[in-house]
Amino acid sequence: MTPSSAATGVLALPLDSTADIAAGTSWLRFRPPSDAACEPGQFFMLSTVAPSPVAYLGRPFSIGDVRDGQWLFMLRALGRGTAWIRTLESGTMMRLIGPLGVPFVRRASPVHRMIAGGIGLAPFLFLARRLRAEQPPARIELYYGERDAHSHIELTADEKSLFDNVERFTDDGSLGTAGSVVDGLENRWAEADVAWYGCGPQPMLRAAAAKLEEYDVEGAQFAMEERMACGFGVCQACVVANQDPPPRYRLLCTEGPVVETGKVAW
Amino acid sequence: MTPSSAATGVLALPLDSTADIAAGTSWLRFRPPSDAACEPGQFFMLSTVAPSPVAYLGRPFSIGDVRDGQWLFMLRALGRGTAWIRTLESGTMMRLIGPLGVPFVRRASPVHRMIAGGIGLAPFLFLARRLRAEQPPARIELYYGERDAHSHIELTADEKSLFDNVERFTDDGSLGTAGSVVDGLENRWAEADVAWYGCGPQPMLRAAAAKLEEYDVEGAQFAMEERMACGFGVCQACVVANQDPPPRYRLLCTEGPVVETGKVAW
Amino acid sequence: MNERLVVTCGRITFQNPVLAASGTFGYGSEFERFFPLASLGGFVTKTLFVEPRDGNPPPRVAETSAGMINSIGLANVGWEAFVAEKVPDLKAIVGAARMLVNIAGNAPGEYRAIAARVESDRERVGCAGIEVNVSCPNVKEGGTNIGCDLDQFQAAVRGVREETSLPVFVKLSPNVADVVPFAACAIDEGADGVSLINTVYGMQIDIEKRRPVLGTGSGGLSGPAILPIGVYWTYKLRAAFPDLPILGIGGIATWRDALQYLLAGAHAIQVGTAAFVNPLACVEIIAGLGRYCSQRDTTIAELSGAAHRGGRLAEAAVWTG
Amino acid sequence: MNERLVVTCGRITFQNPVLAASGTFGYGSEFERFFPLASLGGFVTKTLFVEPRDGNPPPRVAETSAGMINSIGLANVGWEAFVAEKVPDLKAIVGAARMLVNIAGNAPGEYRAIAARVESDRERVGCAGIEVNVSCPNVKEGGTNIGCDLDQFQAAVRGVREETSLPVFVKLSPNVADVVPFAACAIDEGADGVSLINTVYGMQIDIEKRRPVLGTGSGGLSGPAILPIGVYWTYKLRAAFPDLPILGIGGIATWRDALQYLLAGAHAIQVGTAAFVNPLACVEIIAGLGRYCSQRDTTIAELSGAAHRGGRLAEAAVWTG
């Protein structure tokens, strides 16, 4: 089905709770107003209502899951801003701008295959939850790679149950299969009737996109990242080059973050 | 006696505890290293070790008291920085630069009379404590004025016991005598053998200095305020005009904050 | 509408002194979901050229202390697409807010050309005036830009003035030794007023990659970091030209910031970067100024330039350090 | 001493690239209780004139977002008192750190005069070089300042160069359209190198009193807010003059900030405002750079200007917005 576009706005909400789930990685939880809705693949710009000492701009975060009446964001501390947000305590008033961007289109398909690199796992629990509800018989697979066992996010029973199969990879082999997700998928790129979804570091997405092209797979949807100042289409910061210009660029915040692999220049 | 100048340095200490003592006013407490020492009238530049979202520079605070092995600072939230510091929770790592500046000279005298306006009370508990210890027989008096009862700082029994007499004033008469400290002292300016100490808003100090001059009282020591960037004599920000130039100005952070009333141009 | 907030800048009257700055509010429609643009004093479009521009290669932004640098490169849809695709929506939502069309070109001649287009489409577009962005590269002299070269600046402003009878505000660059001669030139060329400041040249180095973060190397600094710079030039211009309509810009995030500009001499102000972090910044500033004016029983018109009444430009800016 | 940190700027070799900036470390002795000045790469004195200066009426400082503005007014004890009262202490504590005497005057002629004094007292003072502060009011043309007027600038530098054989660094003002012509002029006049940036013109308005906060109206902006501005000009100068010794200044508070300047093209850096908030900033920066160089097995000399190796000045600064 094609997602209903939810009403985008500015919300001031207290950080409800946080939980560590891996090295440098945590859930941020909020209690949204009852009428607020969002779709897998969309994101929010998060900042504190009180100015931050270290991060002047907000940071974009994919909606990680919606459960128990809460919005969850999966946060990994990489740079200045995310490291700082990770130190915030529950009760801190935060500004959430969103939901923003184009969500994953959830077409009917016998197999839904998600490939995640590191924090690229963020949008997939929610996507799987929606697909599971909408297409009960469909097979939902997750291929999830991390640098090592420390950064690996252990899924809960409930989260695991969203997938028919979870295959795990680490670069150093300290957990699951050694090597990258893309290599790990070796012979499966050719399989027919698979709806592909990807999210992760640019090099991984580039490699995956190349594979998909090699096997003439069309319609794969990848959630990409680019630096954002506003997140809602006014600053023109978040450009990604299009495969077939003109226009030369697309704004990732409004014509993304979810893009069909064939549409952008990798 | 003339105070021994303590070793000035940079200390990183966790904020040990805080306590509200009047509207917008609290104690900040720290546990200094055992060898650290400071004198009444001296001050510290306080800032947080982590950069502050609102106050880039440190703020000067008089040493408010030394008791139970703790350093106490009496903080009143006036502007941006002080309001922000007042929100800090115990455990926050803070940077203390000091002790800085010239302390009150504690000469032997039968009567020590302190006149305080608002947060100008800050240095006097500690001064009284030292005088009480050094000159047991001396009479120590406090004349303390505030805007109103809300902002009035209620002294504890221990604090009251430092003084032989405390007279309280409020501009609106909501507590103690109505009117200003300076007016309240009407006929007492002429009294002989009184060691005078003052701290408070510039207009109050100016009025008091005028009275003391009118009655030919010499050697009164007032603790003054001026904007400071460094607090330790390098930026040249904190100038106060001298009574008899040259030099035209003195640095309040190194040739103050305690000054003899006759030495500066009111 | 709060009468206390109404301000007049030359030939344009704004219902309040808070305008959306160019390039930070897109073409308007993006903000409608956050608050009604019609509640603003005015709205300045993204800079428009005759031809569309793709803009610069990414990364285009980097965060700095209390600000950001950008190298968007004046990406814009071009005049035709603006009129055809953006204007209908914008016109519908802008309401009582006055629309300023911000224009630029690659050389003085292009300024004349875009101004002519605005003039001929002025009814369809429904704009109250033009803001001229002179912060474009000086093709003649690499490295600097049109807004920093008095001759090119004059040629650009003259071209615009000759092509249109609309109110013209020239948006000054702070990347000069002194903005006064540029303002003087704008006045001589018949501009109705000036707006300032545009972004300040800045750069950030990625210490991991060991090269500039931005795709073009450097960019323009904006945000609270530059507030004192904008206030300084606003004050200086008001002192030099007491009757010159001034739109103050640079680092405004709160009503207090806005008031600093107004007291320094601005007749109205523009909010840019702050709207990225807090899309409701403009609304909060309008409310704050309204409260202030009521409490003090004054008006923005009365406050504008009040910091000069003490008459203390004295040694302005000369003795620092 | 860490060999990896040793840098050579023209005729001066510093044991590390971290210098104490002029006007923010007084005459040295004030900092001795916080850390040994001898551990610095260098120490730059407060600006000295031939005659003592009282400086400006207070308030002289105001805090801004990620920075401050000051209007100290180059208060200083004058050359004679400096040599008689300050030099003995300073000489004793400065040790292996190289001392630069920062000088200025009210007109080009005074620059010559103070330079002559430095030259004749050079042994007594024990300075390694001179830093020329040209950010002084231009008495000829009110409003601007010597460092923003190429003729006055040239006259000042020439006067200094003719009077002394000491290494001369000219400290450039960012309040110009482009620093390149000023650097070019300094080079032509025989300067050994440049340091930049001095403070950026700024002002703050007290919204209660409705007038400028600073006693003189406006002042100079410093602190983290201006870091991107200093990095930009440093990068631009290094691109224009690959062999010009550059001392980078402006908003440096951490070793990462310092590294941005070094990669952009500075050979050494100076720390100013950050030392007010954290007197140990210099020590922490030296330690941080040391760790970085060891971990990456590199040297500061090797890192200096590394951001240019990708060769991407491309459209530097021209396409913002």
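Should a chain be cited, it is by its letter among A, B, C and D, assigned in written order, with residues numbered from 1 in that chain.
The working rule: a contact is a pair of C-beta atoms (placed from the backbone, for glycine too) under 8 Å apart; a residue touches a chain by one contact, two chains touch by 3 or more.
Bear in mind the structure is a predicted one, so any value in this text is a computation, not a measurement.
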Starting at chain B, fewest touch steps before arriving at chain C: 2
Euclidean distance of C-alpha centroids - chain A vs chain C, Å: 36
Centre distance in Å when chain A and chain B are each reduced to the mean of their C-alpha atoms: 56
Separation of mean Cα positions, chain D and chain C [Å, integer]: 32
Computed distance of Cα centres, chain D from chain A, in Å: 47
Residues of chain D whose C-beta touches two or more other chains: 23, 55, 64-67, 70, 72, 223-224
Touch-based graph of the chains, sorted into line, ring, star, complete or other: ring
Pairwise chain contacts under the document criterion: A-B, A-C, B-D, C-D
Chain D contact footprint on chain C (complex, rising order): 22-23, 47, 55-56, 64-67, 69-74, 133, 135-138, 142-145, 148-149, 175-178, 180, 198-205, 207, 210-212, 216-221, 223-229, 231-233, 235-236, 251, 256, 259-260, 263-264, 303, 306-307, 309-310, 312-321
Residue ranges of chain C touching chain A (in the complex, touch as defined): 23-26, 30-31, 33-34, 46, 52, 54-55, 58-68, 70, 72, 75, 223-224, 273, 275-280
Chain B - residues contacting chain A, complex: 50-54
Of all residues in chain A, those that touch chain C in their complex: 7-10, 47, 55-58, 80-81, 95, 97, 226-240, 247-249, 254
